[in-house]
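Look for chain A in each of the two complexes below; its partner is chain B in the first and chain C in the second.
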Partner chain A sequence: MKRFVARRLMQGALTLWVVSVVGFALMSLVPGSYFDEARLDPRLSPQTVEAMRNRSGELRTLPQRYGEWLVSCFAGEGGYSVVYQVPVLHLMLPRLVKTAQLATAGLALSWLTALVLGAWSANRAGKHAAAVADWLTSVLAAIPELVLACGLMLIGLYAGLVREDNLTIPALALGMGGIPALLPQVRAGLRQVADAPYLELAWAHGIRGWRFTLLFWLRAAANPLLPLLGLSVGTMLSSSLVVEIICGWPGLGPLFLSSVETRDSHVALAVVLIASGLLITANTVTDILQAAADPRIRESS
Partner chain B sequence: MTGRLVTVLLFCIFRTAAFQAPFEPGVPGGTLRVAQKAEPKTLNPLVAIDAPSREVIRLLHADLITINRYTQRTEPALAESWKAAKDGRSFTLALRKGVHFSDGHPFDADDVIFTFQVYTDKAVAAPQRDLLMVGEEPVRVRKTGSHTVVVTLSQPYAAAERIFDGIAILPRHLLEADYRAGRLAKIWTVASTPQSMAGLGPFRFREHKAGEWIRLDRNPYYWKSDANRRRLPYFDEVVLRATGTEENQVIRFLAGELDVLGRLAARSYAAIEQKALPDVQLVDAGSSLEYNVAFFNLNTSAPAHVASKQTWFGDKRFRQALSLAADREGMARLVYGGRATPLWGHVPPGNRIWAAQDIAKPPRSIPAAKQILTQVGFQWDSAGRLLDRAGTPVRFTIVVSSSNSERSRLATILASDWRELGIDVQVVPLEFRALLDRLMNSKDYDACLLGFGGGDADPNPEMNIWLSSGSMHFWNPQQKSPATPWEARLDELMRRQMTTTDFAARHALFREVQQIVAGERPVISLVSPNVLVAARRSVGNFRPAILDSYALWNAEYLYRVTSTGGLGQITKSAQVPGKR
Partner chain C sequence: MRVRVGPVQLLLCAIAIYSVFAGRLAPYPAIREHREFPFTPPMRLHWAGFAGVYYCGLQSAGAWRGFSEDCTRKWQLRFFEEGRLVQPAKEGPFFLLGSDELGRDQLSRLLEGGRVTLSAGVAASLLTILIGLAIGIVSGYRGGRLDDLLMALASLFLTCPWIYLLLGIRALLPLSLPSEQSYLLVLVVAASVGWPRTARLIRGVVRSAREREYVTVARSLGASEWRIFRVHLMPELRHVATAQFAVLAPQFVLAEVTLSFVGLGIGEPGVSWGTMLAGLRDVSILLPYAWMALPCIPIAAVFFAFQWVSRRMQYTE
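Moving on, here comes the complex of A and B:
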């Protein structure tokens, strides 16, 4: 088990490094610089703009800039923002908290809905529930996240829910956007194990209701669902970037968008690394959980 | 009743544009909540180049001589008075006495000397540096008393007192050590503490919440007072909230979370207007200083596929014909809902002092445009396509910034106007910085639609656009020597107006510049969007101007009107009219 974790950590670190190199190279291929804004101001001469670029270190070679970025990362700054003139970490932390809040709420909402509806509709008795679940899945899958978020904002505006620091609308948009990917899988997973002998045995023992669902049925179905959890954590972050921008939630989304627009490469790279890091971590954690939940996987690794 | 009186008063003020009525005495206290589309990137005047940062910095600092946003003329600020020497090359400025920085430290001539030393230092690379360069030489400031300084220029410079506007006077006692250590670019970030900052503006920095808001509080040492000798500003706090998108700005304004929306797109303005909220005042301050223009690539270093088209672009009659085909009124109506001014010359009418009145305004005419094209030797094939003398179909693309939806729509209309001439025109929206890369580096474009202006009403800041050697002379920048006789003439006129101190003579020179541009059409002027702002009616002394920072230029005089009884009754027709 220890070796398994160590190997996954090594792989994760390697992936992050590759992402950083590729990301850095890609960002430097994009034409333009933050200081172009000043080049459109007739009150500034090109010499001054060039001096600003020089001061920011933008004119150095790519390996030099990558080296500086690495040094800054190991110094615990996570890079240096050309636009804000502050260490990237300072920009990221408060926004990361905001994004984590939103992503947690969205994740909880989508998984709760998927689990409740999934269990209900996978049940042989829940014929209507199956219809509701099918309908909900198709409708939500058909609406692009962008439209969903905009529509919810409109509803929220009339309902008086669009207030600063109000999580309701962005969390709803994010959570609802996550449901169509989860619900069919949860249902299929639960159906698959519904006829398993150990469940029948539990049933025969007289175990019923939520105890049956939670402790036996869901547990039996956990194996195919756990990787899904890892995946949904990763996708939740990338969808939250869009939702944040639309709903004006002050998380990583607006910062990422503006950093790409202003060519603030260290900031953009940091967001990409956080997203990849989260995905890697989530996958690793689910692998470990899976191993813990299923003795067969434990044995084989 | 008083409300109605105020409206009538406001009405009169806006009618008689150049006259400014005194601000009414306000009530102290309260918080002013202002929307910003993006959050300020820095609080350091020496590095700020983005609009939101500059807006905040304006509230934190003061200049020596300021341009009244309303009259567009200079007026005393920290310099109580100034006197120009006879040769027009030096100014003696008398500084206000008894003024303190927001940390209580007294202000004197040494701060001014230090400030100018920093701004003109090449190593600091401040964005203001070029404004303080006159004839390739930085202005020199000398102290002649504890509160008098003499500013010397290397050559006579017209409107010299205007260069002081927006030059934030810096606290020497706080920054000298950083300056000596070469650390000035890294100070006063959004992460800095309020204790590390001080300014002479009406407010001072207190708190910043990343990505959300920035909170300023009243500077208790501010040097301005109102007619009743009460120390300004009235508001205790200003909160500037970054909303991300304009849509969010409007939503939060409608939800009552914001008091002032700085500058609105016509679409948002219409959306708020439609709600007809009794507690909202919408102001159309009229034509801005911005002008949207289309121009053709006349670079000699353009790539081959563009160079083949330059025989068309280089012909002034081709450009004139295309200008005649542009539906400027349609653009103002369709893109801006009528809240824009069609332009024939390049100086928008909002620039009351400098816009030439005698620029020809030929109405849009496709037949007239076709006639000119025929005279030059263009013809049409059976399918109605325009062919040049050699029989090649005329085909080109217009590049435009995709992030500016209004400008993209202008380009779409312009392309369809030109298609009526039988030209195959395609619009290519490009990401803003990618567009600039094409304009300035690769020169790989046929035609471009861009917006200029917005800085100051004076012609001097636009030297870089009109001089043939200028970096923003976009159609053919940084020429070694003027490529055409009219560009040579433009160079001469622009250089002369810069050193002519007689206003009437200067005005005549700049009028000729405008006539040449309108005749030769290196740029086809299209429209100037109006400055549109919104605020709660409870914001008193609200008088937006067309110069930045549009709604907040008189922030120290803004106050919260406590009794809204009479104000709610103002009908829409009584709203401040925009068109003059």
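Moving on, here comes the complex of A and C:
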């Protein structure tokens, strides 16, 4: 097990490193930079722009620049934002916290709904629940997050819920957007194990209600459900970008967008790396949890 | 080669027909501005029996106060004239679904924009499937080093959440472009985000098909590689590609909408559902001008249609 964990962690780190190399190279090879814009700014003299350019290291070779960037990453700076003139991490940390808050709320909301509705509708008694779940899935699947967020914002504006730092609307948009991908899978996963002999046995022992669902059923279904976790982290991160922009949530999304627009390459690279890193982490954790739950997976890989 | 008319083909036909006639259905050209009538609310139609359909003039309650209808002035809507379905009077503008900040007719923009958005979604899916087929088939057939390399590349693309990848690849290309070029750019960006999943899928199909017993039998009977590909692999690949199309097309519609929404897709004066929604980045305009969110409705409808198609395809399998 330890070797499995170590190998998965190594793989994750290696992938992230490759992403950083490719991303850095591509971002540097792109024609045009922030300084092309800066030269047009009447408030900055040509000498200032040249000095800024020198300091940013744009004149050095690519491997040199990558080396410097890597060093600054290990020094806890993550590169230097030419637009804001600060280390990237200063810019990033508060934003990362915001995105993490939002994504966590969205994940919790969508998973809770999916689990509750899924367990209810996978139950033999839940015939109406199945209809509700089907209906909810097909309606929500037809509404992309962008539209969902717009609609919820409209409702929120009328209801007076839209205030700064109010998590309600963005979390709702994100969570509702995550449901259609989860709910059918959760239901199928729960169905799949519903007839397992150990569940019959628990039932025969007279274990009922939430104890049965939580301690036996969900646990038995952990194996088909765990891979969904990694998947849903990825979709959460993707859809949170749009939701953040619409709802004015000061997370990584708006920062990424503005860094793309101003060609602030270190910031853009850092955001891409963080998003990839989170996704890789989620997948790795999922794999490890799955291996912990099922020895067959450990042995086969 | 016989083309089976399934739900996907039907939907494609519907989109094609719509794209051809969208311009004729629109009362105005999408870029026609009525600068004196910004943010006009949706107008009502007045029925006058057999005499035809009328709409009222607009009056302003003063600068920045918005518009209301003034039915002392009425104009008749004419139908089927000058190659358009509806022809508003020259004297007063007609905004059935309201107008935007430059006084452009929302209805016309919706119709024209749908053409751009839908065709971009369809074209990007076709491009992605072509790339996916090429890479998947090469990878599946050749195997070995090349296969490892291509699949490693694909999984590298998949380590990044798709929207970050979309904007990341977009960042590598020139930021502002004329609208025709920006249309191509959306296709290229979407395809470069979408190919890995398709390529993986196709590779898997090719690999598993080559291991099938009937393929081995065919080979041992002396069938050439080309014949095996044509007779045994093609039908399977065609099926997978069609299913992929139904999955990819709505995603790429969303990709276009997202890119244009954040201002990195189709550029002005080009119009698409995404550019129409771009005004909503300042979401507070929704409160006074709720009709600016109208493109949301056709976007949801397109999603719904493709979802229906996917489901139908699963049933017919």
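Quick note on the criterion: the second predicted complex is superposed on the first by the 268 of 301 C-alpha atoms of A that agree within 3 Å, B and C clash if a C-alpha of one lies under 4 Å from a C-alpha of the other, contacts with A are read in each partner's own complex, and residues count from 1 in each chain.
Here, a contact is a pair of C-beta atoms (placed from the backbone, for glycine too) under 8 Å apart; a residue touches a chain by one contact, two chains touch by 3 or more.
Treat the numbers as computed from the prediction; the structure is a model and nothing was measured.
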Touched partner set for A:M52, first chain B, second chain C, both or neither: first
First (chain B), second (chain C), both or neither touched by A:M27: second
Which of chain B and chain C A:S238 touches, first, second, both or neither: second
Which superposed partner A:V271 touches (first chain B, second chain C, both, neither): second
First, second, both or neither for A:W210, with chain B first and chain C second: neither
Touched partner set for A:E261, first chain B, second chain C, both or neither: both
Chain B versus chain C as contact partner of A:L157, first or second or both or neither: both
Chain B versus chain C as contact partner of A:G248, first or second or both or neither: both
Partner chain(s) touched by A:S138 [first = chain B, second = chain C, both, neither]: second
Common ground on chain A, meaning residues reached by chain C in one complex and by chain B in the other: 30-32, 153, 157, 162, 245-248, 261, 263
Residues of chain B defined as touching chain A within the complex: 38, 41-42, 44, 47, 49-50, 122, 125-127, 129-131, 133, 185-186, 189-191, 209-212, 241-245, 248, 251-252, 254-255, 257, 403, 431-434, 436-437, 440-441, 452, 455, 461-465, 470-472
Contacting residues of chain A [partner chain B, same complex]: 30-33, 35-46, 48, 51-52, 54-55, 83-86, 90-91, 94-95, 98, 153, 157, 160, 162-164, 245-248, 250-251, 254-255, 258, 261, 263
Contacting residues of chain C [partner chain A, same complex]: 155-156, 159-165, 167-168, 170-175, 254, 257-258, 261-264, 277, 280-281, 283-284, 286-287, 290, 293, 296, 299-301, 303-304, 307
Partner chain C, residues of chain A touching it in the complex: 15-16, 18-19, 22-23, 26-27, 30-32, 138, 141-144, 146-147, 150-151, 153-154, 157-158, 162, 234-235, 237-239, 241-242, 245-248, 256-257, 260-261, 263, 268, 271-272, 275-276, 279-280
